[in-house]
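First chain A sits with chain B, and in the next complex the same chain sits with chain C.
For the complex of A and B:
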């Protein structure tokens, strides 16, 4: 298996409440002192950042067998692939000089170098594991901080390229799958209530992406004026509440509207398992319904993890990478339908 | 098998061009002299008509082992069943006094008694067999005419309750399946051109039914002032032209838009084979696509005849009759989906 495909591996781990929480992550924005932020840094300065951070990571035992990608060297389709795996940001996907992402062998910890900040270090895992990923990221941050001495102001906290990250520089987020709340039309109310709690809602593909397939990413908006523990604590409590509401909505749906919802699930399955052309948008919407069904024991032995992987596998970059690089939309829609049909050859006929 | 189910049998015969022409029929409207038309006839007069026509039929060797239904005696769901089999008219479905339909054992010839006219005798068969059904109906008409002496005026021809039937009293019709012309958007042009040829277009369920699933019934409008041969000849020529156009449209569709049309066919299959609730309207639309696919060798060993039968089998009356008489729409939609799933367990996976 090539390194790029290895980077898929984090997607199919289980994790608590993974019927609703796809994944949890915590990241820190950090910078080296006395070197301009990447956007304003000269070639040699970016090179120096890259060298110093790489050295610090080499010395860190967590990165014993690291997986690393130089965004400068890999192709556009490969950058897109990493973006779809939620491992690099839209900013890093552009490529550019002296940019790199380094991941631990188990793909639970990662450092992006020379993104908007010199370092974006993060921990990620599947399911509802906000405290765990926070602890992991915090431990790595303190280890790398001892070695690199991050830029810090007693007044503002950690200095960052964008003021919204200044302070703790911590952003924690979870990707939620909320088809139940969506079906009972409570989703927009929840989305609307997030800003007043200092939280932000985004779509499946992160910043500026629309809400496709009932996937919602929720993260803290502000990092200044709050302790790291406060941030994690608030987000955890909010997610727990949404989790309860979603579970209740699903119960209600299957109790009171069983015929309707079963029909919805099986229609989604029927289209996924038989269509010959499918857009990325439609696939995500239908797979979202399948994911809801899996939670209730439909669709045989297919698991949430299988589905998480399948959702990523049919993204344009993944198809383009597997299919030998064709970039034409119709060819991709056909390839996507082929992949879906093959993966859905599961024994479901007796449900 | 009960007699009602036996009346399905005519639907699964083959016949020329049955990929486009579902069925052909020819019927005569006839009345006995000196007895008012059924709408104005008294009880005893209707009874007399029934007795005399029954006697004439008993003496006719074509009706050696007849299948007969007294519309007065059978239940509403059974009348609906016969209507869905295209064996009785909407008028006869109402029930009423001294009304009967008598069919030959092979369900190729039938006489409705005390419909709008005293007799509506008709021949029917699957595929494009307009001349054959005309010859059959004409032979029966002349045999029964010798025995009963139909009401006739030298000036107007055969007298009928509705002036549109006066003259020959002959109406010939074919049920066409035109998904190709529908896909390439030529259907409305063809429909519009029919009246100027003296032809009428109706939907799947005959008079006043909308065009569902690309099924169109075409028949002659006027029966006065034209010979029977002229009527059959004109209709045959028009149907032949439409047949050619439809075949050409299908070829074009599969040559130039293969990916699109295959996707359409398989999506229809996916929904039919997996949905848990389905309305009659949607079923007809999806089965129409399956029928197009069968013509091109998709969907395994499933035949046009199988599909003709399935289309009828999922009509409300048929479901109600099979399912023990439930009349609730949701229960019927569920039963319909169950029947479809069961019937579509065909080996299609390797197409």
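For the complex of A and C:
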């Protein structure tokens, strides 16, 4: 298996409450002192950052057999692939000199080098595991910090290129799947209440993306003036509440509107299993419904994890990569429909 | 309070101003309406026909305008990396960690806007002086811990206990 495909592995691990919480992550923004931030650093300075961070990672036992990608060397379709796996940011997807992402063998920890900050180190996992990923990221942060000595001010905390990250430099986030709340039209209320709590809601593809298929990413907005524990604590409590509400909404839908919701689910299945052309937007909408059905034992042996993987597999970059570089949208839509048909036929006929 | 009084001069309009006169050690309080106050109050006369309310309203609006208007252009550069402050204004990206010191005066307002706070109270690097305890209030953490235990939220309780222990350990370190 090639390295790129290996990076898919984190997507289908399961985990607590993964029918609602798709994934949890915690990332730290860190910089080396006395070197300009990446956007303003010269070529040699970026190279120095890359060398020093790579050396620190080589000395770290967590990265015993690392998976690394030089953004300069890999092709744009491969960068797109990593982006769709939620492993690099939109900024990193652009490519650029002396930029790299290094992952641990089990794809649970990663360091992006020379993005907006010198380092963006993060931990990620599937399901509701906010505390776990935070502890992982914090442990890695202190190990690398000991070796690299990050830029820090007693007053403003860890110094970052954008002052919206200053302080703890910690951004914790969870990807939620909320079809139940969406059906009973309570999403906008939740979205509206987030800013008051110092939290932000984004769509499936992260920053600046629309809400698609009822997937929502919720993260802390504030990084200064709160401790790391307070940040994690607040986000956890809010997610727990949303989780309860979503479960209630789903229960209500299946108890009180069974005919309606079953029709919705099987129509979605029908399209996915028979359509000949499928855009990525439509696929995400329909797969979202399928995911809701899986929760109640519809669609045979298909699991949440299978579906998480399928959602990513039919993204444009993934199709383009596996289809040998089919760049045209229509060819991709046909390929997407083929992939979906094949996967759904097999899995439902199994029982 | 003002609404309860009737103007003591014209005895018709509701009072809008309380005028306190201090004449040779004795205090005289007058409740006046807008018009009568304008005639009696030397300070009010100086600002012409403007009432206190009008002045207040103007001040408030000005404040709003300032907040809405783009911040004034500031002609300074970072002493370390040379980034012009206006470049930060347009990109929200600083040039280097020294920019925080160079632009401190102007950045404070942004930090408050983004975070509602201007002081770090999270973890510090290993070996850094523990100067930040006052930002984390152990009493508040203890209260939340009790709350978490009462609601049987043990995961949260464990988190808070760890936080508390960290603060206590640091405090001990400082004493010894």
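Odds and ends about this structure:
FYI, the second predicted complex is superposed on the first by the 345 of 351 C-alpha atoms of A that agree within 3 Å, B and C clash if a C-alpha of one lies under 4 Å from a C-alpha of the other, contacts with A are read in each partner's own complex, and residues count from 1 in each chain.
Just so we're on the same page, a residue touches a chain if its C-beta (ideal position, glycine included) is under 8 Å from a C-beta of that chain, and two chains touch if they have at least 3 such contacts.
Being a predicted model, the structure only gives us computed values, none of them experimental.
In the superposition on chain A, A:263 makes contact with chain B only, while chain C stays out of contact range. Contacts of A:64 after superposition: neither chain B nor chain C is touched. Looking at the shared chain after the overlay, A:233 reaches chain C, while chain B stays out of its contact range. Number of chain A residues touched is higher for C, counting chain B against chain C. When the shared chain is aligned, chain C comes close enough to touch A:154, but chain B does not. In the superposed pair of complexes, A:276 makes contact with chain B only, with no contact to chain C. In the superposition on chain A, the residues of chain A contacted by chain B and by chain C do not overlap at all. On the side of chain B, the complex with chain A involves touching residues 259-260, 262-263, 266-267, 269-277, 330, 334, 337, 345, 349.
Touching chain A in their complex are the following residues of chain C: 81, 83, 91-97, 100, 107, 110-111, 114-126, 128-129, 131-132, 135-136, 155-156, 159-160, 162-163. By the touch criterion stated above, chain A contacts chain C in their complex at residues 31, 33-37, 39-40, 116, 131, 138, 142, 145-146, 149-159, 161-164, 166-168, 170, 198, 221-229, 232-233, 236-237.
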